[in-house]
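There's a structure below that I have some questions on.
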Amino acid sequence: MRLINQRLSPGAGAVLKTLPFVALVLAYLLGSALRLAENPNDKLLPALTTLADAIDRMAFTADPRSGAYLFWTDTLASLGRLAAGLGLATLIALLVGMAVGMLPVLRALLAPFIGFVSMVPPLALLPVLFIVMGLGETSKITLIVIGVAPIMVRDLAQKVLDLPREQIVKAETLSASTWLIGLRVVLPQVLPRLLTALRLQLGPAFLFLIAAEAISADSGLGYRIFLVRRYLSMDVIFPYVAWITLLAALADYGLDRLRRKLFPWSELEGAR
Amino acid sequence: MTALSIENVWKEYGDQIVLENLTLEIAPRSFVALVGPSGCGKTTLLRMLLGQEQPTRGRILLDGTPLPPEPGPDRGVVYQRYSVFPHLTVLGNVMLGPELQANRLTGRSFGAARRALADQAREMIAAVGLAGAEAKYPAQLSGGMQQRLALAQALMMKPRVLLLDEPFGALDPGIRTEIHHLMKRLWNELPMTVVMVTHDLREAFTLGTRIVALDRTRSRPEELLRYGATVTKDIAIWPPRVAGRATLYDTEHPQAQDDLTAFASPAGTTRQTPSLI
Amino acid sequence: PKTDFKVAWSIYVGWMPWGYASDTGIVKKWADKYGLTIEVTQFNDYVESINQYTAGSYDAVTLTNMDGLSIPAAGGVDTTAVIVGDFSAGNDAVLLKGPGTLADIKGRDVNLVEFSVSHYLLARALDSVGMTEQDVKVINTADPDMVGAFQTPDVTAMVTWNPMVAEIAALPDATKVFDSAQIPGEIIDLMVANTEVLADNPDFGKALAGIWYETATLMTADTPEGAAARAAMGAASGTDQAGFESQMAATKLFDKPGDAVAFTTSPDLPKTMDLVRGFLFDKGLLGSGAPSADVIGIEMPGGVVLGDAANIKLRFSDTYMKLAADGAL
Amino acid sequence: MRLINQRLSPGAGAVLKTLPFVALVLAYLLGSALRLAENPNDKLLPALTTLADAIDRMAFTADPRSGAYLFWTDTLASLGRLAAGLGLATLIALLVGMAVGMLPVLRALLAPFIGFVSMVPPLALLPVLFIVMGLGETSKITLIVIGVAPIMVRDLAQKVLDLPREQIVKAETLSASTWLIGLRVVLPQVLPRLLTALRLQLGPAFLFLIAAEAISADSGLGYRIFLVRRYLSMDVIFPYVAWITLLAALADYGLDRLRRKLFPWSELEGAR
Amino acid sequence: MTALSIENVWKEYGDQIVLENLTLEIAPRSFVALVGPSGCGKTTLLRMLLGQEQPTRGRILLDGTPLPPEPGPDRGVVYQRYSVFPHLTVLGNVMLGPELQANRLTGRSFGAARRALADQAREMIAAVGLAGAEAKYPAQLSGGMQQRLALAQALMMKPRVLLLDEPFGALDPGIRTEIHHLMKRLWNELPMTVVMVTHDLREAFTLGTRIVALDRTRSRPEELLRYGATVTKDIAIWPPRVAGRATLYDTEHPQAQDDLTAFASPAGTTRQTPSLI
């Protein structure tokens, strides 16, 4: 039987699925054991117990200085920034994206500029950004917004343009004004895509968050990683990276569930 | 009572002349079937009637007044596809027009107004045979049901002119027959003029009061760009079909008919043997 | 006049007191005393903190004597060193992989933060064994990644500062072949302020001095409070008390204002600054069109001026440290 | 007439299009003039002449130390890394993406793992990467690959899965083996999408390039930007950022042209 | 000569029984038209004949041998859509099968072999009436032309069984009539057994030698899951149509017929009045 026609039992599928993860863990354990055998103080691949210690210290022991649980403080700080940045970017994408997609004048005015802006590497402009925005939360949130909003705006505007022209004309024959077309025809149809666009930007948003926190912050997941990087404290970095990955994966999954729940019609075959 | 006059209309896209000096008087309550080869400009003509496109030269009058330059609630439309909104249920789709018309800011009705409207919409839904499917989304309907829905949605606005662009082209023959009967009934009952584009001559003869064929008069390749299409045939159905009155061939309860028989006996015959397509 | 001031600091052993003072209310105490508000911001990225200061977003910043000259002063921002906090006495070092002496660096790639004090240290180190930068190849490497970088096979020589020096020195095959203890007093950590702001608001300078000496006294004290402060600063810089104390050991911290005044007024300071500006001029860091190292004037206490007296952009002032020494704050 | 129905003359469109760019330039000139009036040595928003000087110095004057034209050396170094990284990522995406998309066993084995890997923030793992890969070109190229390949793989695999099952069955009735289906049915149909996926990853790739060059390098666009950031030489940074933006935009445009040229059928309506 | 035996075949998807105890003997050179309501399992049956799906119980024999468990070149297929490859030209699509068969490594022919094959493919293209369109991509063809192409592509493999899943469902009636004539000719000329799913009874009667209707025997909602469809009608066309021999009603040059007439007179009549759909 051709490989392409093979079918797997659910059991075999589940086993296969976990294999690479198991392999990764085993490879880590092996690498760690080898390095530690050579140099017991090696910090690059700490032993599991060291990792557990670090997790315990960061997440379940109050910091003697501030009495805070650093891991959770960092998480809250980062998630707050991320939520603000992504929320703002989403709002901008919705408003600007819909306006650019719907209105020929705005499209002529802004589409090329947004295309240009989306090509600017935001990291290179960090100094200017920090000087204009100050260093508080604003600049970190702004970096996330600058990093992800142009792409989301383009995505949304494209989605609006992809709506069949027939729908717009049909709405006009149902007496809709431009405003009402936006409100009742375009908006509900681009919202699912907005959630999808948001999901696609989770990775980049985390990237910009980490980059911004690396420059100026006093808490946050990226801040911590960069702080302990000077000491090569991989026992802290690995759990933090795993945690970021998990958070991103959860957000990704949650947003997809949310879309299905809020917009059941967007799941139906042929509805797009 | 809603006469359409198309007077010496030309339509050009850049260098290409699509329609050439088209003149057509459409009487109130007519059901005009527009036929012609692919690409001859049927959809373009419909778009101009809709107000979505403007004639390059000439003018189009609705009851003697020039057409407004954009689509509005006096002219309804049903396309072959994309005529209903995928994000609204059947009920939501049918209620949309009146809701928009009554609420210029929110586009939504609430409370008693909403309930009254919903009742009205349910009646219309039942009239097109979709009772029971009110809560479904279009993607959950078959093609024929979607086109019924599109009709119901358009008819809620009580349009003076209903424009149909191959509305039943994608349907299976059996379903098409059924929807023809529905269409005929609606046209009989509602005070509107219908212009329908179709590729299907049988459909044209089944439904129309008049069949208008568009075509290019010159068709050598080098002439294609420079000469547009115009009216080449204009046939009135005989015996005349008049809105609201049953003709000899139009049965009263057509749903009971057997599909095959429906196929075998076209409902209208012509004075002139057609060889249009 | 202005009563709100913004101070930037970045994570480094000699500057940790600023964060501690901010956390424990010492900043607020001194600011209140002069009727000011002082906002203290921590930067992870040292260069960014200087850039922000240079661009005018901050009134004062922590930096080294060399960066003070090359960035704000060369950028036209007239800058005054309010506090000479410490100088590096081993905090910066040249490290080789495997055994050897400084002379063995010849021909190697050297990883360091280009144009930083590490670069300067390398130049001084090479000078001490009769070599020049032509004898090595410099590879710019970001400071947080130095420890990891040192463990890669292709890295054989590195110049960096603490805490990375301590981490690297602890690796089995690292050899420290030169450190800042051999050029004492040349790498100086300062708290600088915008000269104009300071001239208009001397109270700001006084508050800074007050904060510094109260905190420095506390952290060097051999008391439980002192230990607690060191532990807190260690934690804030990502290590612990012992790690932080070892970094302090490589730092000559001026916890007594009198020592700092003496250092600032000594004739060694102009010599140091002359070496520094020579280095910066060589690297083209005093402005691209600078015709000589003299374009920027550097003023030392007692009216000593290096370079163009008409274009003084960097000033070492002992005014506020003296006030502290006299107990006049 | 409704705003949504407005039509613009080509002339008006062209004017509107340039407006935001003109506004940007004007805002810059104004800001620059204001700041320079306050401090003639201000470095944040240099005057046009200063920018021109810097461009001349970097691009058209040999560096006195090395005799090289730094701007071009940097460009070559960066483009080389970018080409290598993106080339490798494209190759991986093609091979792994096609295999995962086509073969049920590989899909069960790898799809969840790749989904997981694509969520890991690559910047946070830099120390490990450097130690494993060394500081040379390898690690920079690897960072680009790690940063963009998982997303491209997922994209390609999805594209393969989106091919109608009917096509695969049809190919089998035409006697194709799994290999031949891959070679003659799947490969040619995913190649256009591969180019599109590549375009979408240009921005992230530049980001990772800059991040990698900021960490360790002796030439490159990102290296130069982060180096001169040490003394706030915005007169160098701005031209470099503009140049990166231009390069990205050109690559984007070029790849799209290439796709149309190589795969004319992918442009035809309904061919996707 | 390619007889198909379907013996006591059941097909279940999880809990749902789709086909229930289906038994059918298909004689060599038959043209079986498979009709039945939507969702009754026609496509599922075709998939099993193709080897794409396996019966849950029972077996399917091809000339007495059990079917291989996956599709192969002895059974060709044409779907309603997606039957041709959008990235290949018409010529490329038609050449693909033989190319794959002859070159197991590269999947491409070169040189003389390629030229010979191209000639053969051009003949087939001409046979289905696509001469002149060799260099076009499918997206440049109309729906009817695409289905002709799909037929040509499948026929190049000289399949013993040709399976058609609503191949002409999406076509306009006029075009459909044309392609029916083509289909009839090909079936007459080539030694193959055809099984065609269709929703269109007229089509079934026009083309088939035998009409098989699938349906559920119980249709109360609560029974839907537990009872599958099976053969409910099995009608042989009368007068019998035999491959390679013209019947009374099958004209020789059908293209000349008028569309409307074609509509009005179904080409085959039945012994039994059908009321299947």
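To keep things simple, chains are lettered A, B, C, D and E as they appear, and every chain counts its residues starting from 1.
By definition in this document, a contact is a pair of C-beta atoms (placed from the backbone, for glycine too) under 8 Å apart; a residue touches a chain by one contact, two chains touch by 3 or more.
Just so you know, these numbers come straight off a predicted model, no measurement behind them.
Chains touching both chain C and chain E: A, D. Between chain A and chain C, the least number of touch steps comes to 1.
Distance from chain B peaks, on a Cα-centroid basis, for C.
Per-chain Cα centroids separate chain A from chain B by 48 Å.
Remark: chain B and chain E have CA centroids separated by 35 Å (rounded to whole angstrom). Centre to centre, using the average C-alpha position, chain C and chain D are separated by 38 Å.
Taken residue by residue, chain C touches two or more other chains at 51, 55-56, 145, 147-148, 151, whereas all remaining positions touch fewer.
For chain A, the set of residues that touch two or more other chains comprises 2, 5, 44, 127, 131, 172, 177, 229, 232. Within chain B, residues 70 each touch two or more of the remaining chains.
Touching chain D in their complex are the following residues of chain A: 2-8, 12-13, 16-17, 19-21, 24, 44, 102-105, 108-110, 112-113, 115-116, 118-125, 127-128, 131, 151, 168, 172, 177-178, 181, 202-204, 206-207, 210-211, 222, 225, 229, 232, 234, 237, 240-241, 244-245, 248-249, 252. Every residue of chain E that touches chain D in the complex is listed here, in rising order: 50, 52, 70-73, 75-77, 79, 81-88, 96-97, 99-101, 104-108, 137-140, 153-154, 157, 159. In the complex of the two chains, the chain A residues touching chain E come out as 1-2, 5. Interface residues of chain A, counted against chain C in their complex, comprise 39, 41, 43-44, 63-66, 126-127, 130-131, 134-135, 213-218, 223, 226-233.
Listing the residues of chain E that touch chain A in their complex gives 69-70.
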